[in-house]
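Look for chain A in each of the two complexes below; its partner is chain B in the first and chain C in the second.
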Partner chain A sequence: MASPLDQFTVKPWVPIEVAGYDISFTNSAAAMVASVIVITVFVTMGMRKNALVPGRWQSSVEMCYEFVAKMLGDAAGPEGRKYFPFVFTLFMFVLAANLIGMLPWLHPFTFTSHIAVTFAMAAFVFIGVTLIGFITHGFKFLTFFVPHGAPWYLLLILVPIEIISYLSRPISLSVRLFANMVAGHTMLKVFGGFVVSLSAIGAAGVAGALFPLAFIVALTGLELLVACLQAYVFAMLTCLYLNDALHMH
Partner chain B sequence: MPQLDPAVFVPQIFWLFVVFAVLYIFMSRSAAPKIADVLKKRQDKIADDLAEAEILQKQAEEARQAYEKSQTDARNNAAAVVIAKRDALKAEAEAAYQKLSDELAAKADEAQKRIDAAKDKAVGEIRDVAKDVCADIVSRISGIKLDEKTIAKEVNAKTDAATKGER
Partner chain C sequence: MADDKKKSEEMKATLDDLNTRVSAAREASKIKEPRGLNEATAYGIATRLVAELVAGILVGVLFGWYLDRLFGTKPWLMIILIMLGAAAGITNVMRAAKQLSPKDVDNKDEEK
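== the complex of A and B ==
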């Protein structure tokens, strides 16, 4: 029987190599492209009428927009508004990736279950936010690591802690999404495997297989929630980091 | 775990950046401004409509106040007219009453005077008769001829006493 982790295998579809680097178009890249197509169709078709009184589809698009706009506004204030397209893109991209990964057909690839991808996004956010911090505040941004009102001898301990916690942000941001997606998909596959192997036993096995099947149904609902929630958390934390960079403490 | 194979890092990260850049350009150039535009238009429309509704409401309120004022004025006018008319009628009735009662009083006085005159006349005639009768009786009984003055004095005293209190 196939391992539950096989679903995470990256398979090259079109092998490409440039200057010694492998940049093959894989099932992972295909899922990324699919996400972009889904988002583009969702937004473009939803907004094609530009109606003053929106229909259901347009309302959904506007809801996503306003959800992210409110999240960014609440977390980072009016100064964060110019980073809205990035946060919106990030949220929609992760959301689309997670939800496409939940599709039961075509064996979709969930690229957010790859630490390389989530870490790349988290690192991009981290580096970008740090640059914004230094551009906005200059070297005063370094005082971000010095807690207010602490005596000097405590600073000897607190400043390294602050720096370590700041540097661990991309790790926690990427691992949170990655681990959630891996855990959910692995669980689904494991219980799916139970259904298959129990059914092979016979009539009693088929009856017994109903239990893991019911569990899969419930778990699928939970995983849909996690898919949306993790996209929200990823975007939300990006907003909070942005707020730290823009306003410090 | 296939995720930990370093061979899958580079192609995924490469395509991630390409695809994400494309999506970002689409979002920032086309989608986000378009949605923002629609939302702003709707917000403006709502604000305009609300402002217009407020103006209309104010006008309606003014019209209502004007109507109520005119109604109050009309009511007050009507009351004033009624009061004036009532007062006029009252005064007229009082004047008529006064006039009539004056006339009646005058007539009563006149009648009283006539009665008094008739009475006085009757009393005077009675005195004359009484004097004659008295002189005649005295002369017949005693043969004394009383002078007129004494008789007149006695008769007047008697008749005065008799008519006293009748007036």
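== the complex of A and C ==
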């Protein structure tokens, strides 16, 4: 039987090699393209009518918009409004990726289960937010690492701690999303394996297989929650980091 | 005639109701100050706090390992940086917990 980790293998679909670099179009890339298409269709087709009284579809697009706008407003204040397109894109991209990964058909690939992908996104957020901090505050942004009111001998310890705490942001951001997706999908596959191997041993096995099957149903519900929740947490932390860069402590 | 009167009274009642609802909605959309977020589920809070703690230590380990290799000071920088990393992780957890707690409990002066 296939290992429960098989689902995370990146398989090249269209092998492409440029100057010694492997830039093949993989199942991971295909999943990314699929999420971009899903989001584009969802938003543009939903808003095509642009009715004053929205229908169901337009209403759900507006709900996503308002959800992100409220999150950004609450976390970063009115100055954060400028960065709405970025946060909205990030949220919808992660959400679509997680939800596409939950589809039961076609064995879709969950690209957020790869640390390379999540760390790339987190590093982009981290570098962007740091640049915004330096652009809005100049070199005064460096005082972000100096806690107020601490005596100078404590600063020798506190400043390195603050710097490490700042550097740990992209790691915690990427590890959280990646670990959640890997753990959830592996667990689903493991229990799926139980069902298959139990039902292979006869009638008693089939009866016994009902328990892991029931568990999978419950777990799928939980995974749907996690998929949405982690997209929310990713976007929300981006907003909080933006707030730190814009207003400092 | 009695019917009409009843109707207009009903109308007035719904209008009043609408008025209060509209003003409530206006109030709700007014708040634009940054005030943190406190509407996460328990699972979200748990994963968030764990990741903050682990990330601090991980950064300590990674930087310690790299700097040790760079300067050839084998275990020492790593030991120091793991401790600093653990401290940073705990600081991160405390900060995250503070952000998650309801805002009316602690005051504005928590921003140090």
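Annotations
Keep in mind that, in the parts below, the second predicted complex is superposed on the first by the 249 of 249 C-alpha atoms of A that agree within 3 Å, B and C clash if a C-alpha of one lies under 4 Å from a C-alpha of the other, contacts with A are read in each partner's own complex, and residues count from 1 in each chain.
The criterion applied here is as follows: a residue touches a chain if its C-beta (ideal position, glycine included) is under 8 Å from a C-beta of that chain, and two chains touch if they have at least 3 such contacts.
The structure displayed is predicted, hence computed values, not measured ones.
One of chain B and chain C touches more residues of chain A, and that partner is B.
Of the two partner chains placed by superposition, only chain C is touched by A:V175; chain B is not.
Of the two partner chains placed around the shared chain by superposition, chain B is the only one that A:V61 touches, whereas chain C remains out of contact.
When the shared chain is aligned, chain B comes close enough to touch A:I39, but chain C does not. By the touch criterion defined above, A:L142 lies against neither chain B nor chain C after alignment on the C-alpha atoms of chain A. Using the contact criterion defined above for the overlaid structures, shared-chain residue A:F93 touches chain B, although it does not reach chain C. Residues 1-5, 7-17, 19-20, 22-24, 26-28, 30-32, 34-39, 41-42, 45 of chain B touch chain A in their complex.
In the complex of the two chains, the chain A residues touching chain B come out as 5-6, 8-10, 12, 21-26, 28-29, 32-33, 35-36, 39-40, 43-44, 47, 50-52, 54, 58, 61-62, 65-66, 84-86, 88-89, 92-93, 111, 113-117, 120-121, 178, 182. Interface residues of chain C facing chain A in the complex, by the touch rule stated above, are 32-37, 40-41, 43-44, 47-48, 51-52, 54-56, 58-60, 63, 81, 84-85, 87-89, 91-92, 99, 111-112. Those residues of chain A that touch chain C in the shared complex are 71, 73-78, 80, 147-149, 157, 160-162, 164-165, 167-169, 171-173, 175-176, 179-180, 225-226, 229-230, 232-233, 236-237, 240, 243, 247, 249.
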